[in-house]
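Per-chain residue numbering starts at 1, and chain names A, B, C, D and E are given in the order in which the chains are listed.
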Amino acid sequence: MRIINRKPSRRLGAFLAMLPFAGLLIAYAVASHYRRLDNPADKLLPSLSDIADAFLRMATQADKRTGDILLWSDTFDSLWRLGTGMGLATLLAVCVGVAIGFIPHIRSGLAPFVAALSLIPPITVLPILFIMFGLGELSKIMLIVVGTAPVMIRSVAQAVMDIPTEMMIKAQTLGASTWQMLTRVVLPQILPALITAIRLGLVPAWIFLISAEAIASTSGLGYRIFLVRRYLAMDVILPYVVWITLLALILDKLLLIFSRRAFPWHHLGGERL
Amino acid sequence: MTGVPKISVRDLTMRYGDTLVLERISIDVPEGAFCTLVGASGCGKSTFLRLLLSQERPSGGVIEMDGAPLPEEPTPDRGIVFQKYSVLPHLSVEDNLILAAEFERAPVTGRLFAGARRDARQDVAEILERIGLAPARKRYPAQLSGGMQQRLAIAQALLKRPTVLLLDEPFGALDPGIRIDMHEILQELWREMSMTVFMVTHDIQEAFKLGTRLLVFDKVRHDPHAPEAYGATITYDIPLDRNQKPQPPASLEELAGAASKPEKSLGGHPA
Amino acid sequence: ASAEKKESFKVCWSIYVGWMPWGYLSDSGIMKKWADKYGITVDIVQINDYVESINQYTAGEYDGCSMTNMDALSIPAGGGVDTTALIVGDYSNGNDAIILKDKSDLKDIAGQNVNLVELSVSHYLLARALESVGLAEKDLTVVNTSDADMIAAYKTDDVTAVVTWNPLVSEILAEPNANKVFDSAGIPGEIIDIMMVNTETLADNPDFGKALVGAWYEVMGLMAAGDEAALTAMAEASGTDLAGYKAQLDSTEMFYTPAEAVKFTESAELPKTMEFVATFLFDHGILGEGAPSPEFVGVAFPDGSVYGDKGNVKLRFDATYMQMAADGAL
Amino acid sequence: MRIINRKPSRRLGAFLAMLPFAGLLIAYAVASHYRRLDNPADKLLPSLSDIADAFLRMATQADKRTGDILLWSDTFDSLWRLGTGMGLATLLAVCVGVAIGFIPHIRSGLAPFVAALSLIPPITVLPILFIMFGLGELSKIMLIVVGTAPVMIRSVAQAVMDIPTEMMIKAQTLGASTWQMLTRVVLPQILPALITAIRLGLVPAWIFLISAEAIASTSGLGYRIFLVRRYLAMDVILPYVVWITLLALILDKLLLIFSRRAFPWHHLGGERL
Amino acid sequence: MTGVPKISVRDLTMRYGDTLVLERISIDVPEGAFCTLVGASGCGKSTFLRLLLSQERPSGGVIEMDGAPLPEEPTPDRGIVFQKYSVLPHLSVEDNLILAAEFERAPVTGRLFAGARRDARQDVAEILERIGLAPARKRYPAQLSGGMQQRLAIAQALLKRPTVLLLDEPFGALDPGIRIDMHEILQELWREMSMTVFMVTHDIQEAFKLGTRLLVFDKVRHDPHAPEAYGATITYDIPLDRNQKPQPPASLEELAGAASKPEKSLGGHPA
């Protein structure tokens, strides 16, 4: 039987999924081992046990200065910023995106502008953002918003435009007002696309969060990485990176599960990655 | 029934870009008529329905309803069943059916709650039974077979009791038993509400059985080098007298042939 | 900004050996104590990105900012913001260094790629060092490299020469193949770390200046006395430990007493230094395309003398407030 | 008639499209005017004519030090890096993405790994990239690859999985070998999705390019922006940002036009943003 | 024709998760038979075809072809026309038709060039005429009407001259004239190549006209509280003698009824 027609069993699938992770870990351990043969104090690729120690320290011991357990306070601060930023971006995406997708005049007016905005690399206008929004929490949140909202707006607008015309027509023949079409036909149907847009938007959002925290902050996961980077403390950086990735993964899966629960009709079709 | 025809079409022309789809169609349809539309695939029957629904604006000519120009956009007095995408995928069978009531009774939220919702559901229980979807009332359209979806779409379109009903091959995906049931429901409602019906079908037998008038769409002119240059028009407009039906099969086959040949005459030879 | 009397002020600082007291000042409540004394409030804000902190100050978001003499001339003063050196905190005495990989003579730098933060004090240090051995910048290639990535960069084979500052210098020197071939001890007093404040704000609100200076020298006193708690807090805030921080302090000439600072500010060396700096900036086109000469921006000194355009004085060295501290008049 | 059923004419559409751009320009001019009333030498919001001067200078006058015309040499260097990086990322996306989408065993093995990779903010692992790829052109290109490839791989894999099973079955009944299915059914059908993935990938690619050029470089658009940021030369930064946005817009449109030309069958459906 | 049946199905069961779709189907089909499959929508006819094609593996029971177990995956000796998605959207009409030849003659590139390509196109010219798509040979499927697409799909499936041909409502979207032509082409080829055909249709008339054997799918047991608990099986297996056709319409209607009632008997009342 062709390989494309064969499906691995559950167990084999789980085993295969683990392989690349295990491979990466082993490759790291070997590389680290050989670097430390040369220079036992090598900071670039510390041993796995050093990393575990550092992580444990960050995760359990209170910082002398602030009395906080750094990992948790950093995580909390970063997630708060990420959540607020993505919340705002989502709100914008729904309002502006639906308007663009639903109303041809607004589409003509705003679509090119949003397209242009989405192509501006936000880090180039950082100084302007900082001046406009100050250096407090607001500017970090705004960097996330500015970085993710235009693309999310476009996805939502596209989702609205992808609703078959037939359905809009049908709603009109059922006596719906424009407002009712919005609330009963358009919004419910784009919600799954919105969740997808949020999931896709979270990838750059993390990057912007970390960039913002590296520039002006006194807490957060990105700040910590930035702070210890000048000493090349990879034993702190690496577990932080893994931790960030894990958080991102969990957020992503939670959104997916939410979407499955809330919009079962959307997930009746083909397989999703 | 006044002297004014329900639908009056004059010199209707429709083109998409360079493609002329329909040309110089003129027809008067009195209230209560049941027009069945047949014609080769791709000749513009669906386009004609879209025009009647105001989903698109004609390139030329006028359409009048009750003597007044057609409203510029779809209205609840003209119901529609499309070939596909006719039901809302995010609503269960039951919720698809109470939607029209929700639009009417809840102008702001567009949504009924608690008791009002239960009442609305009660109202559609009978229809659900009638179209055989009662056991599937909680399912989403994607969980239904094509046939079941289409039955739901028909039920949904009839809910607002439109005065003009447009059907685009509504029974194409139905199996014969259900199809005959649907014919009955449709005819019952048509008589009851004196609806004016336009139905596109590929089944000539069906066209004869249900219609009071048969409209055959066809191109009258052809340019083999530019198949897009000419559009279709109504080549036959046959009143079907209820009492004389069914028509002799010989002429039936001939009509079917007329309706389907044009695309082959562009260069093919008879198979 | 047309200044006026106001009661709350914001100053910003970024992480650097000589500026860590600002963080401690705010965390320990010393700043609040002094601000209360003058009936004002002073917010001390840490900004991780040094350039961003200066930009923010220049844009008018902050009333004061810690920066070097060179950046003060190029960014705020060059950008038309009249700026006063309120507290001259220290000068780099080995904190900035040129490091070669596997080579030990400064002359070997010719023909190499040199990684440094372009247009920063490192760049200036390099220019001054090259002068001392008769080389010029065209004899090598400058590669702009972010300070945050300097250590990782040094570990790659591509990088053979770097110019940078502490704590990066000590991190890099820990590598066996790293040789320091020149450092700021060779040009003492030329790279100066200063708390700069807006001249108009200061003029309208002398209490602001007094509170800052008073608080600063209280902490200086603690540091001079070797207060372990204070030093440890500063060390940790900069991401290292006490020993590491002390090592960095060793190559920094801190002015622990106001008298030292006043003396330095009033010395005759300072105008010469500023001339070097202005020439360097002009040569690199940093003073703006409109600048006809290095003298385009005027710099005023405590004795009233001015270097450059007297009609366009935008940077002022003023020992008044430090003198008050020295006199115990705060 | 409802607003949603009305379409603006071509002329009105063009006018509406210009409005937000014009608004932005006017808002800038006004803000700049008032800032310069206070401080005529204000660097943050230079006047439009200053910006035009600076741009003209960058675009026409040879640099004293290098003899190059900076704008063009920067543009050339950046586009070269971007092109190479995206080229590599595209190659990876096709090879790995198609393998994941087409072969269930590979999907089981690699999909979770790629999903995890796509969530790592690449700027946090810069030091490791440096060690692996040096500090030259390679590391800049690799930052782009690492930043964009995982997401592109996922899009391509999803595109492969979105091909209706019926078509795979049909190809098998027409006697296609697995290889032929790959070359005649899968690859041609995902090409439009690949172009879309490239277009979407270009947005973060620009960001990574600029970040990479900020790290260690002697030329490039990002280098210039970060260099002149040291003395807040917004009269150079702003036109560079507009120029980058314009380049990004042109690239995007070229890809779209290419896709329309090369895959007309893909663009027969509904309206696209 | 040896004594071994072409297709032999024994105790075939298929379930998706908890839903039992087909249960205990056993049937022997000799070579050259033309089986028409009818049944209520959603009862599992398409599933049965997918099993015969090895697109899915049965949950229980065995299917044999020529006495040997069915290959584990689709093979060129079994052709298929689906309800939709049957043609490749990125190839023009002509290229869709030469694809099979390209697969055969160019194992590595899967693509013919220059002369070989011209020859292959020449080879399909006649088929193009026959299905009336000659003028549309350069168009992409999305530019064809549903009917034209389906004609193309049928032509494509017949190209490899399969010994077993599976058709899932292939004529559902065709208009009557073309449908009759396609019937002729299909029957011609069926006789010529002694293909064994399984065709799902909703048109009982068509089932009688084309088939040599009619298979009616239906559920024999129902649990009103758990409609998923029982699956469909073959309830009628009627040999259609060529010479006695057409069957009297009375029994025809009855069969149609049998095929379509189950879903309604779950709780509905007759309309």
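Everything that follows uses one rule, which is that a residue touches a chain if its C-beta (ideal position, glycine included) is under 8 Å from a C-beta of that chain, and two chains touch if they have at least 3 such contacts.
Predicted model only: the values in this text are computed from it and were never measured.
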Partner chains shared by chain D and chain E (touch criterion as defined above): A, B
Comparison of A-C and A-E by number of C-beta pairs in contact, larger one: A-C
Centre-to-centre distance between chain D and chain B (centres being mean Cα positions), rounded to whole Å: 47
Approximate Å spacing (C-alpha centroids) for the pair chain A, chain D: 18
Euclidean distance of C-alpha centroids - chain B vs chain C, Å: 80
Length of the line joining the C-alpha centres of chain C and chain E, rounded to whole Å: 82
Touching two or more other chains - residue numbers and ranges from chain A: 2, 44, 127, 131, 172, 229, 232
Junction residues of chain B, two or more chains touched: 73
Shared interface positions of chain C, touching two or more other chains: 55, 59, 149, 151-152, 155
Interchain pairs in contact, sorted by label: A-B, A-C, A-D, A-E, B-D, B-E, C-D, D-E
In the complex with chain D, residue positions of chain E that touch it: 53, 55, 73-76, 78-80, 82, 84-91, 99-100, 102-104, 107-111, 140-143, 156-157, 159-160, 162
Partner chain E, residues of chain B touching it in the complex: 38-42, 83, 129-130, 132, 134-135, 144-148, 172-181, 184-185, 202-204, 224, 227, 256-257, 259-261, 263-264, 266-269, 271
Chain A residues touching chain D - in the complex, by the definition given at the top: 2-4, 6-8, 12-13, 16-17, 19-21, 44, 100, 102-105, 108-113, 115-116, 118-125, 127-128, 131, 151, 154, 157-158, 161-162, 168, 172, 178, 181, 200, 203-204, 206-207, 210-211, 222, 225, 229, 232, 234, 237, 240-241, 244-245, 248-249, 252, 270-273
In the complex with chain A, residue positions of chain C that touch it: 12, 15, 27, 45-49, 52, 55-56, 59, 61, 147-152, 155, 167-168, 171, 176, 232-233, 236-237, 239-240
Of chain E, residues touching chain A in the complex: 72-73
